[in-house]
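Each chain gets a letter, A, B, C, D and E, in the order it is written, and its residues are counted from 1.
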Amino acid sequence: MSLVMDIWTICAVSAGALFFLAGTVGLLRFPDTLTRLHALTKVDNLGLGLITLGLLPQTSSLLLAVKLVIVWLLVQLSGAVVTQLVAGAIRQHGADG
Amino acid sequence: MSIASVFDIALVALILAIGASTILVRTAFAAVVMFAVYGLLLSIAWVRLHAVDVALTEAAIGGGMTGLLLLGAVARSRSDDVDRVRVGYPVRLAAGGLCALVVAGLAIVVLHPPAAVPTLAPVVMENLPPSGLGNPVAGVLFVFRALDTLLEKVVVLLALLGVWSLAPDRAWGGTPGLQVYAKPDPPLIFLAQLLPPVGIVFGIYMCWVGAKDPGGAFQGGTVLAAMWLLVIVAGLQKAPAISRLWLRGLLIAGPMLFLAIGLAGWVFADAFLAYPEGYAKPLIVAVEATLTLSIAVALAMLAAGPPERAQQQ
Amino acid sequence: MNAATLFGLCGAALVGIGLYGLITNPEPLRKILAFNLLGSGVFLLFGMIARRAAAAGLGGDPVPQAMVITAIVVAFAATAMAIALVQRLADETGRASISSDSSDAVDGEGKS
Amino acid sequence: MSSLLFAASVFVLLTVALGLFAILRRSADVDRLMAVQLLGTGGVAILLLLAVASEMPPVVDVAVMLALFAAFAAVAFVRNASGVSREARGE
Amino acid sequence: MPATTVLDATTADGALLVLAIVLPVVGILLSFVLGGRYAERIAGVLLPAGFIVACIIFLKVWQGGEPLIYIVGGWQPPLGITLRADGLSVAMMVAMAIVICLIGVFAHANFGSRAASVETRAPLVFWVMLMAISGAMNMIFLGGDLFTLYVALELLTFAAVPLVCLDGRVETLQAALRYLLFALLGSILYLVGTALLYGSYGTLDIVLMSQRVRLEPATLAAATLMTLGLFAKTALFPLHLWLPPAHAGAPAAASAVLSAVVVKGSFFLIVRLWFDALPGLLSVAASQLIGVLGASAIICGNIVALRQKRLKLLIAYSTVAQIGYLFLMFPLAFSADPSPHHYGDALTAGMLQTISHATAKAAMFMAAGLIYAALGHDRISELGGIARALPMTMFAFGLGGLCLIGLPPTGGFLAKWLLLEATIATAQWWWAIVIIAGGLLTSAYIYIVLSRTMGPPNAPLTLYAAVPKYQEVAALGLACLSVLLGLVALGPIDVLQVGRPEAPMAGLR
């Protein structure tokens, strides 16, 4: 059982880390700010999300697992709001802020 | 070399690079942004140093609140992004030499630890049980070195009064100049409605868990302060006028209770700032809880700045 | 070299960086930033000392850790006060810079 | 398992560091803000990995703390960008 | 480590030490919640109470011949914190308490609050900060732990900076900002030293540290950084740049408290560090270097003071110079052929200079403030005739000046006499030249001011405001104290030696 858990952790964490890489590359290579924002959100929800999911089986207590999920949700929330705020600011003032 | 030390080396390199660019980068805004990132990395460094209490404090105060404060300041003085007057080359060279000297001196000291590293950890652990606390750092803050902690609260209050004292006379007693959005900003309001409940629960959790695990009044108070600021900035609630009695009362409630319990220790436990046997833990928890509130109010008001508008009657 | 020493060296370097910024940066806001860097370097030195003294089943000596917490709060209070001063000054003068005399230059020489 | 999680945290750290430096070279403030956001998320991920890898559950609290403060930089930035501050100063 | 450490215990009456610290703290907290209307009344009760407590502590220590000790919370160092009142602390405590009380009397005119009015900014800030300064100073004098002293130092900084810019003018804001940056740099350097010392000895308790201290790189680095930081806070030449604008721009009562009291806090810490925490560690060369800085401060400060056009700036620069004298005690105490006698003499001289400068300088700033209030300016060239208009004020100024010059029987005379004696005894004649030259320069600018004020007015003198009698009495009282301080040689001066280590030159060098 624990082997299956470990494999799951390895797969999910690796995938999450890859999404970090993908998001970063996107942030670097995409031409304009809005698409870069799009790349950023991938890091928030998929990168961190997969890492969280991967870590869940390794946690020692339920409270800890709940906290992990809360962290992910919080980052999702702030990521979503930040994206909105930044996009709004861009629409008003152009990309220079 | 283990993978953990690879991580440490990468982290240190990143911290130094970002620290240096905070100094060298051209615009003030970029420097402040760098600093926000820097605080974040520093709290990871504290985790690596096995100082989770400090990591929490750094994340909340060093990174979070200080970043907030600096960003607010740089936002207000954006129009002042004038060409920087640079100091002369000889001065920079002299300063560089001096700093290199300081770094070299400190590095020698760091690389030559004393033969027997002195530590108070065993003494702390030995004397911790009577207080009923499980967190040794809380033990040091509230039992062994309680005087420092009490004085530090007074320092924060004085700093707050110092900030307030910068108000123009006509605005005294009014509301701080914390800007709110002129028009409601839906995403921000959404955030200000959703985040504070979580934050408040977490702040209370920090304060409560601080007795046995990392956490405590400082960290909890900072979270509460940040949430309050968020609600004010989003325009959901007005900043309080600084003349409000409840505000002043909350500010001093924590230090006052701390002091009162300290003085009571004179009568009931034969020393100032000693806790009577068996009552230590509830008393400390009570002090921490009130301090959390006081710190929250004090930090929020510190970040909000001096009063700028006279109080509307 | 263990982790504690590594972070200790990092702290030492940050003290130098912060000091340099404090001396050479004429803008008050940047000086405040530099002061915060300097402060965090000092805190890391405390952290190294605490970590080095790990004993009794603890990851570090709690006494310096507690001192760092106190010092962080004090540093925040100082930053808040300095920023309030800078802003008031900016409101009064319309620009945020210490008067253009050579004080900063002399500071640098004074300490060297 | 622990060393694998450490390796993952090194990977994440290096990635976001790379992104950070590349972006900070650009001069637009929005890009800088995105870099902060990226590093914030990366920092949270690193802390979670460290918490599990070094078996220090309280470290998760640090991650919660960072996550709570994650949006503040953007809030302060937008306040700046929307120009409200300038108006408020004029009153 | 030899296990010979004798643990201190709380002495009888040790509780008074706690009282000396707690009273101002209670005052600060109460003023916050009761509001500015009551702040003055609270200070009016607590500051004299603090003075009485200081006097009682002084008497106990003087008569008992033993330091008072209080162990906070019952936790012995190195875990806990002790408060310790030795001869140095009690002498300073009483002196500073009396200066602060008289400044409080003086300040009633500017920051008095009428009952039943609304809270106003300046009075609340001033009285709270005054109480904070009194508490911080007591903490600095009594604290037995280097980190507690750091917190006390910050308390002092945060109380002092707002006083500089109480009137909110641009110049004073700039002065306050510069002062704050210098002070923060100073305290952070002090903190580095604290960290390194803790890393080496596992304690920050001054007594324990003095028993454990060894000559090694970490200790030297720590001591150097701490001393540099404290130099910046004490405004020792060449780190004095912040002082003149800050002290000259503040309201008179604030200038008096800043110049007379606040800079003495960080100076006292330097003394604590080198004489108590790290005894015998200061090398002869380093002490000579400190002496050179002090001497440069005396010469430069006095010369610049001589060229000032405004009275308050002149007095501020004279503070820079007088601070220089304080540092002459280091080369004299840590001379090449140490003997406990000269060591004690130099220390006594330094402390006496601290106290007499505090009283004299407070009196002079008050007098300058009264002149400013009466004339609406303090340009020295236009002060003609003011001596006739405000005789008591000018008399106070003159007496303070005599003390700064060092004419008998003032405290300044006794201090400088002891310093001169020590220079002769330790065969360091070059410091004697500096002391005498400094005295001559001081007398030059005091003479200029006095002769100007006694001379005829250029234009008919118009007084803008009547000067309250009690303000003049407060200034004169302090000036008289500075004169009478010379008489302490007859008795109470012995108190300074209470609690000093038997053999200060324990063979570390």
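Just so it is clear, a residue touches a chain if its C-beta (ideal position, glycine included) is under 8 Å from a C-beta of that chain, and two chains touch if they have at least 3 such contacts.
Since the structure is predicted, the reported quantities are computational estimates derived from the model, not experimental observations.
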Co-neighbours of subunit E and subunit A - touch as defined: B
Most distant chain from subunit C, judged by the mean position of its C-alpha atoms: A
Relative to subunit B, chain with the most remote C-alpha centre: E
Leading chain pair when contacts are tallied as C-beta pairs: B-C
Geometric centre distance via CA averages, subunit D-subunit C, whole Å: 22
Distance between chain centroids, defined by C-alpha means - subunit A, subunit C (Å): 32
For subunit C paired with subunit E, centre-to-centre distance based on mean C-alpha positions, whole Å: 26
Separation of subunit B from subunit C, taking each centre as the mean of its C-alpha atoms, in whole Å: 14
Residue numbers of subunit D (touch at least two other chains): 29, 33, 35, 40, 61, 64, 68, 71, 75, 77-78, 80, 82, 89
Touching two or more other chains - residue numbers and ranges from subunit E: 79, 147, 151, 154, 158, 161, 165, 168, 173, 192, 196, 199, 202
Interface hub residues of subunit C, defined as touching at least two other chains: 15, 32, 45, 48, 52-53, 63, 67, 70, 74, 77-78, 81, 85-86, 88, 109, 111
Interchain pairs in contact, sorted by label: A-B, A-D, B-C, B-D, B-E, C-E
Subunit E - residues contacting subunit B, complex: 10, 15, 18, 22, 25-26, 28-29, 32-33, 35, 70-75, 78-81, 118-122, 124-125, 128-129, 132, 135, 139, 147-148, 151-152, 154-155, 158-159, 161-162, 165-166, 168, 173, 192, 196, 199-203, 216-218, 221-222, 224-225
Of all residues in subunit A, those that touch subunit B in their complex: 70, 74, 77-78, 80-81, 84-85, 88
Subunit E partner contacts - residues on subunit B that touch it in the complex: 102, 105-106, 108-109, 112-114, 117-120, 123-124, 127, 143-148, 150-152, 154-155, 157-159, 161-162, 164-169, 172-173, 243, 245, 248-249, 251-252, 255-256, 259, 263, 265-266, 269-274
Subunit C - residues contacting subunit E, complex: 15, 22, 28, 31-32, 35, 38-39, 42, 45-46, 48-49, 52-53, 63-64, 67, 70-71, 74, 77-78, 81-82, 85-86, 88-89, 92-93, 98-99, 103, 106-107, 109-111
Interfacial residue positions of subunit E with respect to subunit C in the complex: 79, 147, 150-151, 154, 157-158, 161, 165, 168, 170, 173-174, 176-178, 180-181, 184-185, 188, 191-192, 194-196, 198-199, 202, 228, 238-239, 241
